[in-house]
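Both of the next two complexes hold chain A, though its partner changes from chain B to chain C.
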Partner chain A sequence: MEKIISIKDVTYTYPESKQPAINNLSLDIYRNEWVSIVGRNGSGKSTLAKLIDGLIESESGTIFVDGQEVNEENIWNIRSKIGIVFQNPDHQFVGATVEDDVAFGLENQGVPRDEMVKEVDDALKMVDMQDYKTRDPQSLSGGQKQRVAIAGVLATKPSIIIMDESTSMLDPNGRKTVLDLVKQLRDQQDMTIISITHDIEETELSERIVVLRSGEVVKEADPKAIYDMGSELTKYGLEEPFSSQVASLLKDGIKLPEGYLNEEELIENIWKLSSKM
Partner chain B sequence: MEIIFKNVTHSYEANSPLEGIGLNDVSLAIHDKKFTAIVGKTGSGKSTLVRHINALIKPTSGTIKVGDREITPETNNKNLKSLRKNVGMVFQFPESQLFEDTVEKDIMFGPMNFGMSESDAKESAKKMIKLVGLGEEYLDKSPFDLSGGQMRRVAIAGVLASNPETIILDEPTAGLDPVGRKEIMDLFKNLQKQGRTIILITHNMDDVANYAEEMVVIHDAKVMAVGKPKDIFNDKELLTNDILTLPRSAVFAQKLSKRDFSFPQLPITISELTAEIKQQVHGD
Partner chain C sequence: MNKLILGRYLPGDSIIYRLDPRGKFLITFYFIGIVFLANNVASYGFLLLFVLFSVYISKINLGFFIKGLRPMLWLILFTVLLQLFFTPSNDPIWHWGILTLSTDGMRIAAYIFIRFVLIIFISTLLTLTTTPIEISDSIESILKPLKVIKFPVTQVALMLSIALRFVPLLIDETTKIMDAQRARGVDFGEGGVMQRIKSFVPILIPLFVSSFSIAYDLAIAMESRGYKDGEGRSKYRVLSWARRDNVALGVMILITIILLFIRSY
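And then the complex of A and B:
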């Protein structure tokens, strides 16, 4: 597998802070991978995203993106490959209207005018916001803002997408639609997805879960191995997957196999027990 | 305080080409000292609804009664202080409600604005910051030099510090880690038990099932349903029309229904679900 992001021994301390927000952290991310980054509030997730995009500069260590070191010289080249959906969509908006806003990233890429109109339309349709083209993004509802922020990033077809809790205010069906869309784009366009999230259900979509604590990587494994940690997950501020919560309550009275069962497996097991009766 | 919406319509940019309906002829009672959840899809009108309660926006037509205060299209921005003292609101985006240069001053602002002495407000800030799960060391920081979830916690602390009778929470747990979410939801539940009225907007149906006594479903700027969560989540019409989604326990039960289990009423909490399963497996 080809590394697309390689972070080595990176430390970052905010001005006027005593403790580093990122502490001697190393992490590799592979092309076309979907990685979830999880951890308690303040564990360093957003800071890590900003370091990868060169929005802040590490005090030690190195970050490589697609073979180039993140530094002043390469910064524009690197940023053209990365699309970040920020945690607060208000930080994302630059345009006075929704369509201007989505067009902004395309303009920066030098996309010709006539193509741009179509691509803006396409991106807004993908997130079901085509009817809001002429609205001021600041006047949208919370979930509508998040949709437009996502459209703005998808429109530029970056090779790496970093989503910083970017579906946190969508309704459950809307969230599912957007995640399915991202999954589809990832498969079709060879994108790499880094998703910062507190939603344990969402992490099932990823190949790997990286757990941060106090600016350090404390666990890094495929979802099943992480879910196998069971109630230990709460130590890292995480929730147990729903099927594990159900299983542990059922075990008091019903015999179930050890280890993590996903929802289908758990239902299968419960069904077998009941049909024996 | 009883909150009563009577035929409330709200048009954004009324009489302009951009006119949009935020609320369409809504009549609704939100009961005193209850925990009421407000749910609905993206853009359905939830935030618009609650912003009327402390007169952040005024109805285009209709009235809202909050205790013995009445808010009408003519209500002006004077004399709203007593209303805002009684009705605290945590905004959907916490950053928009933080403005002082330290967390401490930010939390102290509300209480002092409503007449608390500086030293009492300082004490209160210390108490509140711990209540929302942050250490005292955060008091001296700028509220803008915090992580998203930390900002959220500070915004909640700031609203609770004024000790409002009615607390409106617009997606207050978005951005909180799951452990923090549970702590903060338990905190709200405790405040209700102590006699506050809690109004919670959320997309998390598990939180609705676990914490709310009443539930309001908003769809397309209208109230579609009002009732107890258990009844609403068992309303087939709302579900088939994609107006509402279910708590995870109910979804799980639906899947089991395809495997010889039967649930006359869908369970909505995990304890209901597991109790039902045990009973049906043991056949007693």
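And then the complex of A and C:
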């Protein structure tokens, strides 16, 4: 597999703090992969995203994005390859209307207007927000605003999308629409997705989970292996998935297969029980 | 906040809405200028007719314009009364100390009043029919010549549009902070003027802090979307000058000529 992001021995300390936010971290991310980065508050998740996009500069180590090193010279090139959807939908809405906001990234790249009009329409269609084109942000729900933010990112055709806790401020409905959208986009297009999140259930969609603690990678595995840790997850400040909590409570009385089961698999195993007895 | 009609956009559709915002902007300021050329009953009457006609073709209820007068009411009353009682005259109707009431004074007071009405109505018409973003676009395009002297026109325009975009967000933020303080027992409606002003200090400080954090988030988001320094950008929204805008300018020239004629009549 081809590496799209390669982080090597990177350290970063915020000016006002003593402890490094990212401590000698190395991580490779492959093309078309969906990686979740999890960890408790202050574990360095968002800092890592900012380092990859060159929004902050690392003290030591190197970061390569799509074969180019993140430095002063390549920064605009690299930023055009990466789209970030941030946490607060209100704090990243630049335009006065939906279409203006989607066009912002294209305007920055100096795309001619005729092309822009088409790209904006296409991007809005992808996120199913074309009917809201001329609306102002106040009239949209949180989930809709995040979909507009995703459209704004898609319009510039990035190869990497970073979701920096993009669903954490949304209600369950909004979260579901946003995640479904990302999943669908990834299935349709060649895209690498890095999702930074607190919510372990959200990571079920990804192929690999990277657990950060104090700026270091402490665990790196596929979701099943991570969920299999059960109550050990709390050590990393994560909550145990509901299905595995239920399973561990049931284990005394009934026989369940070993390993992590998601909610559906768990139900599948339980509902047959009474007929067997 | 909702009572302030001056400076608010009212969604709608009519010929006035469809005019190019640059034209509307310039015409409004031009009209405010020529209001001061009026010097007799006929000329004031003529301008008033023109404004009422514009209001009529805008298809906006006249009530909105009258409400627009309200925030200015005290200023208008004060100025009118000043003219009414302090205009010096040789044959006063009534005289007491420094106060004089005369037909001259009454006439000038009436003119001043109409002048206020004209200016407020025409600027209310501009803001009711033009979105804030259109206004900021037209300011950008009108200031464009200043680029020659290195004035950062595009950056200023973007600042203006972002400021406009964040007004509702900051109002929300203020409400949130006020609710949080109310929950802890602050009463904003209580006490004298000084007391009330004082109770706003604990709102302003958190508001200040949170606007800085919003600004930081926004700056990061803008940078991640490739915003450099405002140069080399293309523009998504374009203004298009149509024939009706030429007609509107023509009407203004006609109005000026008629006004000059009535004035010297």
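What we mean here is this: the second predicted complex is superposed on the first by the 240 of 277 C-alpha atoms of A that agree within 3 Å, B and C clash if a C-alpha of one lies under 4 Å from a C-alpha of the other, contacts with A are read in each partner's own complex, and residues count from 1 in each chain.
Here is the rule we use: a contact is a pair of C-beta atoms (placed from the backbone, for glycine too) under 8 Å apart; a residue touches a chain by one contact, two chains touch by 3 or more.
Note that the coordinates shown come from a computational prediction; the quantities given were computed from them, not determined experimentally.
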- Message: Clash or fit: chain B against chain C, after overlaying the two structures on chain A?
- Response: clash
- Query: If you stack the two complexes on chain A, which partner ends up touching A:T234: first (chain B), second (chain C), both, or neither?
  - Reply: first
- Please work out whether A:I82 is in contact with chain B alone, chain C alone, both, or neither, and reply first, second, both or neither. second
- Task: For A:M1, decide between first (touching chain B), second (touching chain C), both and neither.
- Result: neither
- Item | Which of chain B and chain C A:D90 touches, first, second, both or neither | both
- Message: With both complexes superposed on chain A, which partner does A:P137 reach: first (chain B), second (chain C), both or neither?
- Response: second
- Query: With both structures placed on chain A, which of the two partners, chain B or chain C, ends up touching more residues of chain A?
  - Reply: B
- Message: In the overlaid three-chain picture, which partner chain does A:G152 touch, first (chain B) or second (chain C), both, or neither?
- Response: second
- Task: Would you indicate which of the stretches 81-89, 135-143, 153-161 or 189-197 belonging to chain B has clashing C-alpha atoms with chain C?
- Result: 81-89
- Query: In the superposed view, which residues of chain A touch chain B and also chain C?
  - Reply: 88, 90
- Message: Quick check on the complex: what are the chain A residues that touch chain B?
- Response: 14, 16-17, 39-42, 45-46, 87-88, 90, 134-135, 139-144, 147, 165, 168-175, 198, 200, 234, 237-239, 242, 245-246, 249-250, 253-254, 263, 267, 270-271, 273-275, 277
- Mind pulling up the chain B residues that touch chain A in the complex? 12, 18, 40-43, 47, 92-93, 95-96, 145-150, 152-153, 170-171, 174-181, 203, 205, 242, 245, 248-249, 252, 255-256, 259-261, 270-271, 273-274, 277-278, 280-283
- Note: in the complex, chain A contacts chain C through residues 50, 53, 55, 76, 79-80, 82-84, 86, 88, 90-97, 99-100, 103-113, 116-117, 120, 137-138, 152-153, 156
- Note on the structure: Note: in the complex, chain C contacts chain A through residues 131-133, 161-162, 164-165, 168-169, 214, 217-218, 220-228, 232-238
